[in-house]
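Read through the structures below before going on.
The two complexes that follow have subunit A in common; it is paired with subunit B in the first and with subunit C in the second.
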Partner chain A sequence: MAFGPFLLLALMEGLVTAAVLALAAAGLSLVFGVMRVVNVAHGEFYMLGAILAWVVASVVPGPPAVGFVAALVIAPVLVGALAAAADGLILKRLHYDPEATIVATIGLLYMIQQATLSLYGPNANPVPAPFEWRIQLPWFGYSGYKLFVVLAAGVVLLALWIFMRRTKAGLIMRATQVDRTTARSFGINVDLVYMGTFALGAGLAALAGVLIVPIQQAQYLMGGDPLLLSFIVVIIGGLGSLRGTLIAALVIGLSDGTISMFFTPTLAKIIATLLVAMVLVFRPQGLFGARA
Partner chain B sequence: MTNTLLHPTRRGLLMAGGAGLLTAALPGYVGAQAAPIKIGFQLHRTGIGASYGRWYERTAQAALKLINDGGGIAGRPVEILFEDDGTDPKRGPEVVDKLTQSDGSDVVMGTLFSNVVIASAPRAGELKVPYLVCSEGYHVASGILNRWTMQPGITDVRSQITAMAPWVSANLGKKVAMIFPDFAFGHDHRDFFTAAMAAQGGEVIAQIAIPPTETSFTRYLPQIPAETEVLYHVMVGPAVLTFVKELGEFYGTGAKPQFFGFIDSLEAVDTATPGLEFLEGSHFWEAHNRVKPADAGEHEDAYRAAVGVDDNGASVSDAADIATYSHMFSTWETLFAIKAGMEASGYTGPADRQKFVEAMEAMTDLPYGIERPQGAKVFNGKTHQVFGTQNISQVQGGKLVRVHQTSMADGAYGDAVDYTTMAF
Partner chain C sequence: MALEVVSLSSGYGPITVLHGVSFRAEPGRVSCIMGRNGAGKSTLLKCLMGLVPARSGTITLNGVALHGLPAHEVPRRGIAYVPQGRRLFGPLTVAENLAIGGLVTGNRPETLHRVLTLFPRLRERLTQTAATLSGGEQQMLAIARALCLDPRVLLLDEPTEGLQPSMIALIQEAIVVLKARGVAVVLVEQRVDAVLKLADRVAFMVSGRIVEDRDVSGLRADADAFRTYVGV
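This part shows the complex of A and B:
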């Protein structure tokens, strides 16, 4: 394949990776920014979103699009509710102690993963895309659904940004992020904010899972890769910075797409990890993170 | 106070001795009646090989029922102890260990993924327990394993590939690009197909290795050279459906090469899945035809009924649950091979394990029958590997239709090892 089309395909693939990554990492970054909780179970919320999409799609009758739209609503809500429960039952009782919550979310990771294995089974199940539309370029064909994923992720991230910047709930969350004690003395129910934030973060991961599942398949082990990449994105972008997360997701996604095509996927992972090391050494707060 | 433990009375000693004798003799007596033969089964119940594990378990259970209904092995009932290896090479040897040492299995049946088999076989050798694998890989016949490891239920990949190459070069094209998983099984494909094509005057112009845990494939596809005449693909793992779908998206409605795939790329996947229309007219290797051929053997129906598979290769209870039909027969045939080996060697217990291996090595012709629903086979005692016939199917109307069957001679190659000269 000639260089031009090759690069185009690499960039398109990279954009899809970046879009899904941005959604998943935004949730992780939000949870860390507001709650100072490093959620190791974040990838499992992503996996649960994909699994629930399969469940919803197999229950809802009619064309695939109906089931898919239902999954887009139901899966994030259910996963968010589960996360809220986990917050109330586990994280709150640990007083959001950074070390304790890391260990607790590791436990949560295994509980969710093994519960899924027990209830859903070890198989990878496909979910039909809401529409079958293929773009035929002169050099190669491309899935129209993948481009839809990029668009959908963009819309969701824009909505999240508006929510954080333009609504009262967003203002309260930002206030809690800046100073939890002062926020509380101003009458903000910090516990409720934390619960909502954890649910929102998990919901975003679940939404990413629903979007990816027609491209991949729903399987209980699928939470591992996005977790690692989300951490990479969040560390580079700066924990708690939505803008940093988006930019880092684009950098990682596009470099992953192009490097894995022109060289090897392993090299892409090596470079991404090296980038993390460099950021941690020279700019520990991340590209856009506030100094702690 | 007298301590009877330190200073026992004569009566106490006699009674204790008598009780001891009784307890020692009792299980021997009961055992002579009905002690079951225990076959350990290292199973991919979870992990990336789970779809194979699901069907391996069902097929083994069906064969077990048939064996027990027919009087078991040498009159003894048989039980299978399944143990999950998570399709994980690290867990493989632990499972062999547990099945042998803790569960007291007489022999251990192995699993599919070649990385797990290669990791587990040395432990079986150390424990001196027969390890009968159902994995296709060339690792048994290549000589890298040991005298305790055998593959009596499925032809190895080297022979399968050797049998395919003449047909591919004569009917599909000479310039081949290969896509294969980047581990032992895929490397067998790479090495032997490349050599077999060269022997046919063809050429492999690209070798594209993909990690077996990969979930996204489009990024690898531009490496396929434009002048490719035949795209040879073999993929494994939970993402095989994604692989074929992305292959279809990549070529779309544009010009595309001929596709020749190992059915592994589509095991447990419905060929009529939306997005796979592009496979119409393409060819696949199959060991055992998923869709029942019109001229299927006389035992095909009984086998399908026993394992619960309909004429399209799906579960009779769920049409969406597609069998791993070209691999699962190996567990059935291996169980019957174990039965034959144990009965020939007069196997009575773990002390006879060596005799069992020697009896297996003495096997040669294995005729077609309900014991071997995939077809007649020849076992090579020196290489511990069985050989049979292969099929080439074409997707016609969304279904796999057999268009060619190879002979056993097509897949023949010279012995690389003589395990019978190795020490136990």
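This part shows the complex of A and C:
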């Protein structure tokens, strides 16, 4: 393949990575922004989304599209409910102490991972894409589903942005993010806001997991990579900044896609990690984060 | 609509700050609390808002207990709070800060209109973020945000601290208007002139105790009280 088309293909692959990453990272960033909780178990919510997509797809009869649409709704809701329970049972009891919650979410990570291993097993299972059509470009054919993933992530992120900026619930979350004590003295039930935020963050990760599973297969260890990449994106973009998260996801996704194709995936990860180190040294609040 | 505090004790962790404070605020009256830095004035207001738990004693509004309520229930009873140092939601716009103030009363347009009539300057700044306002405008916003709750009781913690005289006058005028509307105003204030101008009653606080609580009329002639308790 000539250089031009090859680059195009690499960029398209990168865009798919960026889209899924942006969804997962937006959830992580939201939870950190509003609750000041670094959720180490975030990747497990992504993994659970993928596994539940497989479960739903194998249970729901009919064409793959039906099972897939069902999974798009059911998996994030179930994972969100699990996260809400984890919030009430664990994080709230720790009074959202920043250090204690890191340790607690590490524990949560292992609990979810081992429970999945016990119930689902070690195998990777594929889930059929909801539709099969390919887009025929002059140089190569490309999966229509992958483009759908990019589109779907874009729509969800736009909806998230509108939710945060234009709805009463979003306003309440932003006020709580700025000053939870003052928020309480204006009638905001901070416990409820935290529970909802943790559920929403987990739901976004689960949604990313559902979207990726027709491309990647569902397996109980798949949460590691997205956790690392989400942290990279969130640190570069600035913790708690949705805009920064999106831009950083694009940068990391596109560079990961192209470097992986032209060189090796390992080099891509090395470069991304170096980038994080440089951001941490020269601009610790992230490229778009407000100075703490 | 009297707010009544009886033998209230409170503090932070092992430290007791308030030792059996009793205090009253009545509708249409301005009740001032004076005292040196660290006397416990802000702690008293935080305790009234449920932000610092009461250890003993009672807080009632018209006979209904407020102590023990979760903090987010207190504003639902009609109590609004202007904290010391304003504590605005800086990255949020002026309109959004006001919307947070009006959450518990459903953000009625007529309430917002009334608040913006009292502080017309804020109307011109609705889409600006709170952090970009001047100090005086920020204080106006802090009061306006509390008024969006259409409160029966308004707690103000040093609302004119660090402001220019012209701003202080504007804020004092607003307090006079609120008093005339029948709001029970609790004002923590360090300036003697402001207290003499606005207050109906003055309570002096020393080390977490109310040591004197009297009508302002008797105080006008008695500069000693201020000298003793506030050090001016």
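Operating definition for what follows: the second predicted complex is superposed on the first by the 292 of 292 C-alpha atoms of A that agree within 3 Å, B and C clash if a C-alpha of one lies under 4 Å from a C-alpha of the other, contacts with A are read in each partner's own complex, and residues count from 1 in each chain.
Throughout what follows, a contact is a pair of C-beta atoms (placed from the backbone, for glycine too) under 8 Å apart; a residue touches a chain by one contact, two chains touch by 3 or more.
Source: prediction; values computed, not measured.
In the superposition on chain A, contact of A:Ala124 is made with subunit B only, not with subunit C.
Once the two complexes are laid over each other on the shared chain, residue contacts for A:Gln285 go to neither subunit B nor subunit C. In the overlay built on the shared chain, the residue A:Ser185 is in contact with subunit C alone; subunit B does not reach it. In the superposed pair of complexes, A:Arg174 makes contact with subunit C only, with no contact to subunit B.
Overlap of the subunit B and subunit C interfaces on subunit A comprises no residues. Across the interface of their complex, subunit A is touched by residues 45-48, 50-51, 53-54, 211, 214-216, 218-222, 226, 238-239, 241-242, 246, 248-254, 273-275 of subunit B. Across the complex, subunit A meets subunit C through its residues 168, 171-172, 174-175, 178-179, 181-190, 290.
Listing the residues of subunit C that touch subunit A in their complex gives 49-51, 70-76, 81, 83, 87, 89-92, 96, 99-101, 103-104, 145, 149. Residues of subunit A touching subunit B in their complex: 1, 5-6, 9-10, 13, 17, 117, 121-124, 126, 128, 132, 134-136, 138-143, 215-217, 219, 221-222, 225, 257, 260-261, 265-266.
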